[in-house]
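The same chain A turns up in both complexes below, where it pairs with chain B and then with chain C.
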Partner chain A sequence: MDDILNAIVLLTNFVIVPALAYGAQLALGALGVTIIFGILRFANFAHGDLMAFATMVVILVTWVLQDAGIGIAPLPTALIALPVGILAAIAISLFTDRCVYRFYRQKKSAPVIFVIASIGVMFMMNGIVRVIIGPDDQSFGDGARFLIQVTQFREWTGLKEGLAIKMSQALTLGVAVIAVAALFWFMQRTRAGKAMRAYSDNEDLALLSGVNPDRVVFYAWVIAATLATIAGTLYGLDKSFKPFTYFQLLLPIFAAAIVGGIGQPLGAIVGGFIVAFSEVTITYAYRKFLLYLLPAEWVPDGLVQFLSTDYKFAISFVILVVVLLVRPTGVFRGKVI
Partner chain B sequence: MPKYMRKALLASVALAGFSLGSAAMAQDDVKIGVILGFTGPIESLTPDMAASAELAMTEVTESGLLLGGATVTPVRGDSTCVDAAAATAAAERLITSDNVVAIVGADCSGVTTAIAESVAIPNGVVMVSPSATSPALTTITDNGYFFRTAPSDARQGEILADVAMERGIETVAITYTNNDYGKGLADSFAAAYQAIGGTVAATAAHEDGKADYSAEVAALAASGADTLAVFGYLDQGGKGMIQTSLDTGAFSSFILGDGMIGQSLIDNIGDGLVGTVGTVPGSDSEGAASFDVYARESGIEGDGPYRAESYDAAALIMLAMQAAGSADRAAIQAQIMNVANAPGEPIGPGELARGLQILADGGEIDYVGATNVELTDVGEAAGSYKELEVVGDSFTTIQVR
Partner chain C sequence: MTVNPRACIYFGLMALALMAVGFLQSWSLALTILNLCLISSIMALGLNMQWGYAGLFNVGVMGFAALGGVAAVLVSQPPVAEAWSAGGTDLGLTVLALAAAIAIIVLVRRAMGKGPLRTFVTFVLAIAGYGFVRIFFDPASEAIESVDPSKTGYLGGLGLPIILAWPIGGLIAAGAAWMVGKIALGLRADYLAIATLGISEIVLAMLKHEDWLSRGVKNVTGLSRPVPYEIELQTTDWFLGLTESLGAAPIEASSVFVKICYALLFVAVLGILMWLAEKALHSPWGRMMRAIRDNETSAEAMGKDVTRRHLQIFILGAAVVGLAGAMLVTLDGQFTPGTYNPLRYTFLIWVMVIVGGSGNNWGSVLGGFLIWFVWVEAEPAGLWLMDLATSGLGESSTLRAHLLESAPHMRLFVMGLILLLVLRFSPRGLLPAKTRHQ
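Right, the complex of A and B next:
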């Protein structure tokens, strides 16, 4: 019995907990991408760097608050700084929309033009973040580090394996649930949300029914920027903030949005967890797990690892390619890119 | 041949002769390049390393004895430690536009190889690296222009294996930073450790600069080993691997290579490191002790690794210059081995003036320096290592091997 419990704890500690937190972070990022795609009909490559920009603002405000001695221990101070980051992200999103995307919208340019323009925006944002905060790692987490610590867990349960749940992981899941619930309430229940869904489904019909396209675009950016700030801050708290890693996040985020069905909010969430769990489960070595469950002589000598961790990022690529080949609309029948 | 042409020819010969003459005269200021990773994964170590190299240069300048009163000016270049293109560009600039006579550096093995092979050796410029330790550098085709005051990791691997075994650690998992240095050290450690009966349960590379190392740690933890040998950088992936291991309870004890040794690691990670062992080139010789005092008096406060090696690298270059009687690039190359090894009067740190005087008088010296410099026939330090253990909140030297 102990062996089975040990095996479960082992898997929870190294696979389930990290994958849940990572999945929630990807899901929030993918939601932002999917909403921009649904309303503005282009793949926004600047989303990763929008996350970096927003997180940077949160970090700067957090530092000011920490210096002033304001905090909400055991929760990280960054949570109080979050609204400022959201406002900054909204401001810069609306600013780029006004300067860049509106021009192409009025010209009714093809989606690929928007995509290329968004790559330009991405590089601009990239540069701004590096000029302001620099390319290095920044740490801004404070408050309690752990909800459950390995040694405590071992003492409580008497098991050989330990379980660690970091504060940032618990926080990620909690905040993600709240953010997603609020988003769905907004989309399903409010007038603006319904207008957005109508506009996404059929632009001409929505316009005929009196939906104001400028309002819809405005809401889309507000929501995308808010989600980007939350996703970026949670990722930074849980892992670490470095502008380049946010740029790299773009790939798994897009994989998540496309797997779930781009344009479908529910799909983005499911997609986020699919990508996260595939990355973690495929690169995990199951030897110790099997040792608990099987007689020792049945367990192979190797690490029982499907792919070396070096290929972690390749998994997003593979998922992306397979989905586009087999089911281009994604799990939830989104749009075809 | 028309008359005017002959005149022009004569004039240009005269001009060439004049400019040669002025090159020989212009030795009142000698420039030496210092190429270290002032940005990048070991940026916390390099300021002290550069300051130590520059300390030797100041010492020589102040003595007024080098080549009859020449001054030495350091010119810094950033190797970035990881970006070979940036490092070779920096070296190119130092050699062609700043016209340095020799280079102290570079620091990390990958960029050092790149600079040596594509810039320094083709241009005939001596490089003395204080900290590139990859075994691969022993065998590069260097035409005798590459030297190092740090020993090869082939040796460190053996010593670290002995340290682990003596402490009763019989199974380890290994992680290394995915570059020439990390791979070289991991391979030499694994080979030496298995040769004396240890088991390497798993080996996995990690990339520097990632946000998240949980997958790497999880895979290594599955091997069942309790001890993780980390051959990486203390400001980078190496720190991330240790932090994640402690967070998830995957490993409780660590073996560290020289790139991981530094106070910032303990400051960042804290109590979890107590009992961790590691090795770093160095000795407790008289030279090392007197260098420590000397460096502190000169305002180099830290106790990071490779300060002494950097001082020695710069000192070797300048002593070779004096022995050659010229700041010519090839002349320096020809003399490095002579001043580094016996026979001759032993010269310690802070005694460069004495060495310069002996050489000026036509005598011979054996530069011992801060690290007991003794170059092997391929021009690298034979090397002794300090065995370190984390006691309380700092690295403490247990013994020297």
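Right, the complex of A and C next:
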């Protein structure tokens, strides 16, 4: 019996908890991508760098607050800095929309032109982030590191395996739940949210009903920027902040959005968790887990790892391809680009 | 063909800019920039085939360039006999196991009717096959990687002249493009972009971590050269005689000479490719490609097989990119998978094609030259500007020190700005592609 409990705890500690946190971060990012896609109808390649930019602002404000001795221990100071980051992200998103995308919207350019423009924005945003904060790793987490520590858990339960829950992981899930609840409330209950859904479903019909397209686009950027800031900050607290890593997050985020069904908020969340759980479960070495459950002589010699962690991008990609081939609309019947 | 006066002016200005570098900085630097400009042009030419001729949105240029690069290692490095004897048998079995697994999957799929059950069975068989292949592959890679890991630890190459790696690099990239195209080309533009982005990351992940193949991030250095070495030149009589008659210092002259040799090789490759590309673009085939790009439905109504043509051009473009990738590794003399970065190897090439003029081969070459030049020279220029802008802050200012340190990253910003400006104000690029009705 103990062995089974130990095995469950081991799996929870190394697979379920990290994947839940990572999945929530991806889901928040994918929500931003999917909303921009639903309203502006292009895949925004600058989203990863928008996340990096917003997180950078949060980090800078956090440093200032830390220097001033302001904090909310045991929670990280970054939480107080978050609103500033959100405002900065909204400001730069609206600014790029005004300077770049609006022109092509008025010209009714092909979606691919928007994508190329977003590559230009990506370059510029990337440059700004690197000039201001540099290309290196930055740490900005403070407050308590763990909600539950391994030793505490062992004392409580008397099991051999321990379970640690990092503050950042608990925080990720808490904040993500609040953000998603607020988003869904907005989309379902408010006039602006309904206008956005109508616009996303059928542009002509929405315009005919008197929906103001400028308002809709405005809200889309506000929401995407807010979610990008939250996702970026939580990812940075949980792992670490490095501009290039955020750029690379683009792939799993796109995968999550497409797997869930592009343009579908609920799909983006499910997609985020599908991608995160696949990445973590496939790259986890199961030897120790099996040792608890099977007689020692049945367990293979190697690590029993399906794929080395170096290939985690491959996993997002394989999921993406399988979904595109089997069900191109994604799990939740989104749009086909 | 009529000569476009605009192209002459632009290329003339480009030549002047390179000469200015020669006079103001050094000729060795000017030639280094020229060589990389030439390689960039070839990469841009490859991407232009995919995007400009056919409208395929490939964001995986880096992957194909890296595959070309690994060809340089696999062709030119001497084979490591110990590694072959340590892991060769197991590796052979791996290949057999892989072939068997694929054969079983294909046969089972043929035998079964279409439907969710077939998808499920394929999935299960693929996982089982993967496990089966790993039984042979794991000991093989371990044995190979443990052969003198600090020096070799990989299978080595064929020990052939490195220049052969250029076409072979193109072939490897073409093979990969065939596989990618089979999977992803049915997709619409945005999906293809994301799919190719993913594939290039996977290729890089493999090159970084499959140490048995090309040593991964331990890098392969000291690749052989298609041109003489500086040290040899400095002891060769005819070369010493040449430098003496020119009145140049032998050490500096030798490095310039080597770079000129490379430049001549690259110009020859670029010339051949341009000739072929121009011939193709102005043939019935080229007109068909443009017709497909501009209106797929009507091209299909004319009986053109759009999917096949897309696959064809995707493979051709990837082959050209792979060729350029192999040339780049040859020029560097080393293969360092850790240095491949999508901003530099994918998106920068995109900037080149868009700025030069999508669909126009000469435009891509110009874009390759111009953008690489700006990319390189933005660093000293950015430093100089930043120095000027912050000179009021005083020598000891930490802000000034930080800004000066981060000035090189300004070039990313500049690239984005150039791309957006061209896209907005001159969306057809510096040298727009000619269309009949104009």
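Points worth noting:
One rule holds for everything that comes next: the second predicted complex is superposed on the first by the 337 of 337 C-alpha atoms of A that agree within 3 Å, B and C clash if a C-alpha of one lies under 4 Å from a C-alpha of the other, contacts with A are read in each partner's own complex, and residues count from 1 in each chain.
In this text, a residue touches a chain if its C-beta (ideal position, glycine included) is under 8 Å from a C-beta of that chain, and two chains touch if they have at least 3 such contacts.
Just so it is clear, the model here is predicted, and its values are computed rather than measured.
Contact with chain B, but none with chain C, is seen for A:284 once the two complexes are overlaid on the shared chain.
After overlaying the two complexes on the shared chain, residue contacts for A:112 are found with chain C alone; chain B is out of touch.
Once the two structures are overlaid, the count of chain A residues touched is higher for C than for its counterpart among chain B and chain C. In the superposition on chain A, contact of A:162 is made with chain B only, not with chain C. Legend: residue contacts after superposition of the two complexes on their common chain; A:198 is shown touching neither chain B nor chain C. In the superposed model, A:151 makes contact with chain B only, not with chain C.
Once the two complexes are laid over each other on the shared chain, residue contacts for A:18 go to chain B alone; chain C is not touched.
Residue contacts after overlaying the shared chain place A:239 against chain B, while chain C stays out of touching range. Within the superposed three-chain model, A:222 lies out of touch with both chain B and chain C [touch as defined at top]. Once chain A of one complex is fitted onto chain A of the other, the partner contacts of A:170 are absent, as it touches neither chain B nor chain C. On chain A, the surface touched by chain B in one complex and the surface touched by chain C in the other have residues 244, 308, 310 in common.
The part of chain A that touches chain C in the complex is made up of residues 42-43, 45, 100, 103, 111-113, 115-117, 119-128, 130-132, 134-135, 244, 247-248, 250-251, 254-255, 258, 302, 306, 308, 310-311, 313-314, 316-317, 320-321, 324-326, 328, 336-337. Listed in rising order, the residues of chain B touching chain A in the complex are 178, 202, 204-207, 209-212, 214-224, 240, 247-250.
Chain A contributes residues 13-15, 18, 22, 145-146, 150-151, 154, 162, 164, 166, 235, 239-242, 244-245, 279-280, 283-289, 291, 303-305, 308-310, 312 to its touches with chain B in the complex. The part of chain C that touches chain A in the complex is made up of residues 55, 57, 119, 130, 138, 183-184, 187-191, 193-195, 197-199, 201-202, 205-206, 208-209, 341-343, 347, 350-351, 354, 402-403, 405-407, 409-417, 419-420, 423-424, 427.
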